[in-house]
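Pasting the structures in now, so scroll down.
Consider the two complexes below, in which chain A is the common component and chain B and chain C are the respective partners.
Then we have the complex of A and B:
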């Protein structure tokens, strides 16, 4: 159990560190970095490499944004296997449905309850 | 300059100049329901304070020349909604305050007014929402990014023969309007570097035009070049043959304590140069601790749209020579 926890933290941590280095050392905007992560996740997920990272790091690989890309790729592959080429369009959103809906729902609740504050 | 006033936000109040400001609002929302309304109130309150400090009333003001960072300058327009005096709204991004003082001085020199209020504001939260992302999005900021100051600064200019007492107050003695300079920089997270060439261009033009040397001024203070832009500007000026080391300072660097406050490359925004001038530089000019300064607010004239279209950042700087 402790092993799995450590692996998760290391995996997730490394992904975050890479992003931070990109923020600090390059001119990439944070939006570009996030899109890059999702796209890379789709790519690595599609060719099967990301699965190895998930096996090693668990949530440390699936929670960061790259994991979302991986999820999209997995969903597409599953849907294409089952329902043919139409799966290329429907598969991604299908597998991400839970996450997307949760984001909208909880975001909405947060906007009702919380009040915007300035930043420090 | 008969009077000056500045009101800032809590973060600015925590900075090294905290004690100089007339008032520090307790919260960024300023008691209002939106950031834009908060900024409008900030400007309105600063204006009222200015009338008080200048012992004058709305009816005696000929023009107010105001600007801010928001789309369509709404903080300024709505702050002066319903006021008696004529309103001239301008946009110079963070160089607005300098532009305002320059235009006001020219109007007065042409004998078209006796009293003009020059005022500019910015607000961190409303600026982030407009130029970058709403705060709720929690986007991360880069080390070169600057912190838009929540603050408003204003001065009351009086034509010198109209002064109640002889020889009071610092005087605007020269104004060099800038030209728009674009060196092809595209990084909207590093505006200091983009604005430095404009600042150098205007300062060099001013010095050549007036035949002065940097030493003729106690201080040449730019608006918000920040840490990155300051170095570039000083280097560019030495290439022009002007050595400003030891004389140059920057409002963006003066505003925050970069060791204790996480302001990255320093402060920016119309409110930065406006409030730092009104609260920190103006008193020093009054007491003659500074006898002559060149005040050079700098502005990046970009919009999010044009940046997304791949354009680079066009910048400008206006120089105002003020003698104490």
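Then we have the complex of A and C:
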């Protein structure tokens, strides 16, 4: 179990370091990097490489945004296997539904309650 | 002090003067922050797995918990400091995605609950969803054809 935690730490850490290098060395905004990571996650998930990273790093691979892309890819392919072409349109969001809905719902509630300090 | 004539020269001057160790330090901070968030995720996954949930439900619940933590920290104005320290280490994990939703929603509350909170919460999450979902549909179409 300790191994699993260490693998998650290293995998997640490395994925974030790559993004940090992109932030510091290029003029890419963090929004662009987030978009890149998700799209790359879909691609790597589609060709089966990301699964290997998930097998090794566990949450270290699924928690970063690339894991969100991988999740979309996995859902789409599973649903295409089961339902054919329709799955290409239903599978992605279905498998990411919990996260997306939680982010929107919790986020909305929080924004009702909390006030921004407005320093960004 | 040398004289600077245009913005290009100024940029060169800034690059020369800024410390080289900055990237190294930022990388270390990103590594520690991102790694720690993922370890928390792994601890949650281990816990949900031990409660006889299957892999998929455990992963979904892990994401939801991390998102909830991040939303609370953002509402309390604490995620700002994690982001300031961790840089990409704070924005790349799913917690950063949640933060990118709540933060503008809170900030643009003054513009109303529909076009302020409702619209601006997708300032960064919107593009992420558009490109993520669109590329997944493309993948699904290709997978359907080649499979």
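Note that the second predicted complex is superposed on the first by the 117 of 120 C-alpha atoms of A that agree within 3 Å, B and C clash if a C-alpha of one lies under 4 Å from a C-alpha of the other, contacts with A are read in each partner's own complex, and residues count from 1 in each chain.
We take it that a contact is a pair of C-beta atoms (placed from the backbone, for glycine too) under 8 Å apart; a residue touches a chain by one contact, two chains touch by 3 or more.
No experiment lies behind these values; they were computed from the predicted model shown.
Participant: Touching A:117, do we find chain B (first), chain C (second), both, or neither?
Facilitator: both
Participant: Looking at the overlay, what does A:100 touch: chain B (first), chain C (second), both, or neither?
Facilitator: A:100: touches chain C, not chain B.
Participant: Which holds for A:91: it touches chain B only (first), chain C only (second), both, or neither?
Facilitator: Once the two structures are laid over each other on A, A:91 reaches chain C alone.
Participant: Under the stated touch criterion, which partner chain does A:83 make contact with: chain B (first), chain C (second), both, or neither?
Facilitator: So A:83 meets neither chain B nor chain C here.
Participant: For A:13, using the defined touch cut-off, is the partner it touches chain B, chain C, both, or neither? Pick first, second, both or neither.
Facilitator: Only chain C is touched by A:13; chain B is not.
Participant: Quick one: name whichever of chain B and chain C touches more residues of chain A.
Facilitator: Between chain B and chain C, C touches the greater number of residues in chain A.
Participant: Looking at A:63, would you say it contacts chain B, chain C, both, or neither? Reply first, second, both or neither.
Facilitator: Only chain C; A:63 stays clear of chain B.
Participant: After superposition on the shared chain, which partner residues are touched by A:27: those of chain B (first), chain C (second), both, or neither?
Facilitator: First partner only, chain B.
Participant: Once the two structures are superposed, pull the chain A residues common to the chain B and chain C interfaces.
Facilitator: Shared contact residues on chain A (touching chain B in one complex, chain C in the other): 23-24, 30-31, 111, 116-120.
Participant: Touching residues of chain B toward chain A in the complex: what are they?
Facilitator: Residues of chain B touching chain A: 9-11, 27-29, 35, 124-125, 128, 135-136, 139-140, 142-143, 150, 186-190, 261-262.
Participant: Can you list the residues on chain A that touch chain B in the complex?
Facilitator: 23-24, 27, 29-31, 111, 116-120
Participant: For chain A, which residues are in contact with chain C within the complex?
Facilitator: Residues in contact with chain C: 1, 4-5, 8-17, 19-25, 30-31, 33-35, 37-39, 41-43, 45-46, 57-60, 62-65, 67-69, 71-73, 75-77, 79-81, 84-85, 87-89, 91-93, 95, 98-100, 102-104, 106-108, 110-120.
Participant: Quick one: which bits of chain C touch chain A in the complex? Just the residue numbers, please.
Facilitator: These residues of chain C touch chain A: 22-23, 26-27, 29-39, 41-46, 56, 59-64, 66-68, 71-72, 74-77, 80, 86-89, 91-98, 100-103, 105-107, 109, 117-118, 121, 124-125, 127-129, 131-133, 135-137, 139-144, 147.
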